[in-house]
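Two complexes are shown next, each including subunit A; its partner changes from subunit B in the first to subunit C in the second.
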Partner chain A sequence: MGFPHPSHPSETPLLSEHFGNPAARSLTTWRSLGGYQALERALGMEPSAIVAIVKESGLRGRGGAGFPTGMKWSFMKPGDGKPHYLCCNADESEPGTFKDREIMRWTPHALIEGCAIGAYAIGAETCYIYIRGEFTEPLRAMDAAVREAYAAGILGANAMGTGKRVDVHVHKGAGAYICGEETALMNSLEGRRGNPRIKPPFPAVAGLFGKPTTINNVETLAAVPHILNRGAEWYKSMSLSSPKSAGTKLFSVCGNVAKPGNYEVVLGFPFKDFLYDVCGGPLPGRTFKAVIPGGSSVPIQTMAEAEATRMDYEGFVEQGSMLGSGGVIVFDDDQCMVKLIARLARFYAHESCAQCTQCREGTAWVTRILERIEAGGGTMDDLDTLLNLSENMTGKTICVLSDSCAAPVVSGIQKFRDEFEAHITGKRCPMGARAAA
Partner chain B sequence: MTVDEKGSAAAAERAPHGANGGHPHQEDYEPVFTGEVRRELDELLTRYPTRMAALLPALWMVQHERGWVSEAAMAEVAEVLRLTPAYVKGVVTFYTMYHQHPVGQHFIQVCTTSPCGACGAEEVVKAFLEHTGCGELGLTSPDGRYTVIEVECLGACGFATPVMVNDEFIESVTPARVPELLAELR
Partner chain C sequence: MADASLVTLTIEGRQVAVPAGTSILEAAKTAGVLIPHYCYHPGLPVAGVCRMCLVEVEKAPKLAPACATAVAEGQVVHVHSEKSLEARKGVLEFLLINHPLDCPICDQAGECELQDYTYREGRAHGRLKEPKRFNPAEDFGGDVLYVTNRCILCTRCVRFMDDVAHDPVLNVSERGDRAVIGKFEGRDLTHPWAGNVIDLCPVGALVSKDFLNKARAWELDRTPSICPNCSQGCNAILETRDNMVVRMRPRPNGDVNQYFLCDHGRLNYRWMNRTDRVEAPLVRQGDRLAAADWDRALHAAGMLLNGKRVHALVSPMLSNESLYLLSELVEQTGGRGTFRVERGAEAPLPGVPDLALRAERAANVRGAEMLGFEKSDTPLAGLQPDEVLLVAGDDLHDLDADTLASASAIIVLGPTLPEVARTAAVVLPTTNMAEEEGTFTNLRGRVQRYMQAKAPPGMARPVWWAAGDLLTLLGGRGGYFLASEAFGALAGARPEFAGMTYDTLGLRGQMLSGDAESAGVAR
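So, the complex of A and B:
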């Protein structure tokens, strides 16, 4: 299958194999495709053995930070006498990213199975799946699947007849990008404003409801059943580059590209082939100008950088950016970089929780200055002011929203400075009516 | 006792029966949490170790029943969950999806963040403003049918431009499709 395009021969559809197949949403079909076999096996194992397999597989967090999943799980101390919690982060809100949405709307049972295994592995009886409120279709699919799983005895006090309790609950967010930050997500789940918490204490020590908690991304948890079914060695062997980057990764592709959509490739895939072959290249008559490869919070790449990139955790860093969430935003030669960056800054200004001064004031000022430059009213000094503001917004706040606003601003000025200067000297957008439309 | 429990208990003592302004008992206010809705909330409370954790779901239930979250409704939620009205208002105002004022029958949200912006989202916004008669973002059309707002990233960037109409999510909207979409809502 594949959605919205049939899978490309260069793809390795593991998580996306059933995208586009509405039948895969039902428990009956999902079981006929091998669903819940991994959970059944897992519930018969020692939790520590599951953690060891996931550690060995090399699976790293797919939400953005890339932290080794098995290691994260091993921070949860067994037998401490406290309730443990698993939170599944389904608050997918990073501009350019729409992969978790597709996992949930096409294969909700894949996520439930991953959540149940993860919860059991970390000694938790309860997993909350925190889904952003705007995801109405994924919410409906997940709600229905959870009900089916309870009715079939897969979840509940006697999960799969093993006498072990595994509860999975869907929790609906209410519109706040910041709730994708793990400590803000926990505050939101507790019924609070979604302000991030200072770390330490880390969630594994004092997280949700003050209890030891692990937070994992949707895509990370959905990969776990495959690893238990086919083994750590198999997963680890799926790499086109370094052993530090194993497995498949979903990349969401959007912007000015011939075939936007989700594509799943083995880590280490050449980014050039990905952009020009798998995704169909630029729109007719256009050329690519810039790529933001890992969601809007990572630095912008020039095409020279992008075309030299291996698609893995280290490869993107070597070429001036980060893998992040895998949200690939492509801009072509018809776009004004100043305008796009100004609009991104406005996003961060809107989404700042306003807790830290550097972020609350910084995101607003950066937006105002960028919009002034875009409108033709900027000065050369503004560029220095932007870089100075960005420096003061990086590494100085409770969470990284502020840093995320600075990343496209700094990289944009460094790599596309001529476009900023043309706005300032020409006192208008050089793209004229086209980009101003 | 955790901070949570202390807070909730103290809050219950301070405002035992909505005494502060008496919002839930205003004569023209019909409580939301009665009958089936109350049972639904009680079931929901079994999923969490604190009552406060049911706050976002309870506010969703209010909005589902009433179309928006009024101050009186916030006071009722506070009473039901043993919180203070001020606390509930603090949470309501943090999140963008709770309506603090009545909105049009069809609440239209158009994503205009950069990825969609690069694919012509601004033209989609213009088309909605023109064809609904709203004129300006955030205003409700004179017939009360429509409110149009710009929204930050809806998480469907590969389907530019995504638009939400109440709970319905519509992908790949172009300015040309707008009149036909609005006709379907009538």
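So, the complex of A and C:
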């Protein structure tokens, strides 16, 4: 993995400020940069006061769902005599998303500090950081940082000398996309097959090992020390739009774009400026055709939709998609949408945990139809079948993997129907050899 | 009943009140509404994975899985609304795309929930244009064959082995549509209760090797019965075709066996089909046994018994009715009665309290003991020359002719004539338990009925019938024409059975008075 690009003037580097600085990984440097001051302060506060600040800041979950973090924390009821757990979801597996990877790679102590504050705030003595198995380098960085933090007395039975216990454990996943779903993550942590659980009960009632549990994304927890250091008002003020969307957000940009990479902007940033200015626009001689703005699970946007989008939770919804994880996948005029959607469907078919009928059978069936269309063997009624199957796969299963497979299929057929029809009438992929593999 | 913990809701327009915490699916049953389902089974933990039981709950944003959704006050549930029907149709189509349409050669056909619901609610034509997925069948060990292609991954079998048998041998292997039920390396379905996965499987994926290709489900006659193969008294169904028992399966009874039957019990039915039967009464004429009619044979037996004491060697596989009238016969002659029991290893089903394949491998040990028969490993010890040996049901294995010879005469009441009893004076052909109706008393004191599943051969009659007539000949009170009458006599004579009739027993049984109801499952 290489070094990140220099910051663009339109960015607001908060979490990404030290990306590319290997020294920031060490505890000494991190402390000199102001690290662990927020934790020290937090451990002297009432947990409920921390929850109140986070609530006030408007911080929302950065993993995809956008649930208000402070409210999630307030579901935990400390002092009921049970063990409580905080799980940090570092299983970043959503295709097109690689922001948490960079946080853990460059600033592991930022995450540890966020985890420790979060754990303390919800009355949990133990936090598990569940890291995607393929993340070897972030795993090494996190392991080393956790060891440093224990050695320095930041974590453990007497965290920062306050007499309060905060334990952080790093757990390596085994390479299943579905383990990023919070209840599957808990099953996996418990040593079970990573199958999502039926809700209710919700994790805050019966989560990891059946005990009250909160699951937060890496980026969410990494933002918490900044909020404690500089105040809820400051964080909330970092928004160009809706008061419902506050703070900065990391966007991972990949695909047919001049400058792929991670970019941190305040929420509400114009997506058009982001794509054409911050990310450098399309490759020479090409034009943008479509964008998946929030990881592979969200609906595809046409460029007209993308260019009208405000980059916040509500803005993406208004333009036919979702903010999701912030994984921006850009396609230019050289790409075949059918091939792309078939590839996405194949991913979901491969990763379906196989519990729910619609998902197990539907994802695979949809994939086979799409691949047949791409190969020139489709018929017009296949499109109706795809839309009907997608309907049957949406909103009917334990988790949303099935819905995630259906979303790009439906949006793809709706927005790029001409490409599907060209495959069917021409009995071959019109992009032909031009389409990149 | 105004109970605060009752929740009132409306299902398909019918109002029901059920205890809080009940699932919509179970609540619907009380309203007489069957919500189609595959993965849900009342004897297993809820999985909520087949998504077949999705129902429309008014004011809820999405369809709810009825098995995993608790009832709520005032809920209005639609099971057959267009939305629910469409969802089920979708599930059925998904389940069928890779399911081989091999119903004509599938043992489950006719009792297959996939077949039933597809006929009722599924699409007339499939839309799959691709070839179906193929996975070879696999021998799971024990009596279980896994026909992988038919599997709908409901995971009932996995949950049974994990949570009920506590022997986690099965799993879901792989992901997506490559998923199959897997067996852990080097392990087999050899748990003594593993055969239940066959009954639990809602389709033809787990089939019985014993029953394989034996009969079509619709050719079978089904009779409520009691498994006679140990003293637990599991409720069972005897399935017959053309007067042959071809399969035994569990019949639910929450007080005894829940939904389960052990492999020893279910596979041990061939003796009911024995063909080496005595079909007519036999009376000794010189050195040979000659066929006779019942009146002559009973008269001959009566003559032998007259003025003699009876040593009755009975079988603990006989009904309460038979044992009662035999005990009266013993009392009438001032004799005695003994029996012996085949024993084997006890094998509990850990997930169900007080359910086990019991060490005593006979259905009515408790009844025999209670009716005054003495359990002994040497049941003929002390047989006196002035005693008439009356063998009722015991097959005399491991007993030698010399021991028998010390009796003044031998009368055999049995389905077959054992070789060592060729010296008998009278042989009365009797029915086995599949050929009669009657009751057994299980080890906890539960008296349970079984029905007649097949016709007896030739002139064979129940032991209680013959014993009652012998009793009459000796001046006692007998002569019953119906099993219910014989049971009535028992209930009138023995305080433990007081008040019981076949009607009060029903199909779930009743505890002997003095044996608390709690002695059933709770103990």
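Rule of thumb we're sticking to: the second predicted complex is superposed on the first by the 432 of 437 C-alpha atoms of A that agree within 3 Å, B and C clash if a C-alpha of one lies under 4 Å from a C-alpha of the other, contacts with A are read in each partner's own complex, and residues count from 1 in each chain.
By our rule, a residue touches a chain if its C-beta (ideal position, glycine included) is under 8 Å from a C-beta of that chain, and two chains touch if they have at least 3 such contacts.
Note that the coordinates shown come from a computational prediction; the quantities given were computed from them, not determined experimentally.
Once the two complexes are overlaid on the shared chain, A:396 sits against subunit C while remaining clear of subunit B.
Of the two partner chains, both subunit B and subunit C are touched by A:176. Once the two complexes are laid over each other on the shared chain, residue contacts for A:83 go to subunit B alone; subunit C is not touched.
By the document's definition of touching, both partners, subunit B and subunit C, reach A:193. Of the two partner chains, subunit C is the only one touched by A:368; subunit B is not.
Put subunit B and subunit C next to each other and count what each touches on subunit A; the higher total goes to B. Contacts of A:327 after superposition: subunit B is touched, whereas subunit C is not reached. Legend: residue contacts after superposition of the two complexes on their common chain; A:319 is shown touching neither subunit B nor subunit C.
Of the two partner chains placed by superposition, subunit B and subunit C are both touched by A:351.
Shared-chain residue A:216: touches no atom of subunit B or subunit C.
The contact surfaces that subunit B and subunit C form on subunit A in the two complexes overlap at residues 176, 193, 350-351, 353.
Note for the complex: subunit B touches subunit A at residues 2-4, 47, 49-50, 52-57, 59-60, 81, 83, 90-91, 94-98, 109, 112-115, 117-120, 122-123, 151-160, 164, 167-169. Interface residues of subunit C, counted against subunit A in their complex, comprise 46-52, 54, 62-63, 65, 68, 86-87, 90-91, 93-95, 97-98, 127-130, 152-153, 171-172, 174-179. Of all residues in subunit A, only 4, 83, 92-98, 101, 132-137, 167, 169, 171-177, 188-194, 209-210, 252-256, 260-262, 296, 327, 329, 331, 335, 339-341, 343-344, 347, 350-351, 353, 437 touch subunit B in the complex they form. On the side of subunit A, the complex with subunit C involves touching residues 176, 178, 193, 198, 349-358, 360-365, 368-369, 372, 382, 385, 389, 391-392, 395-398.
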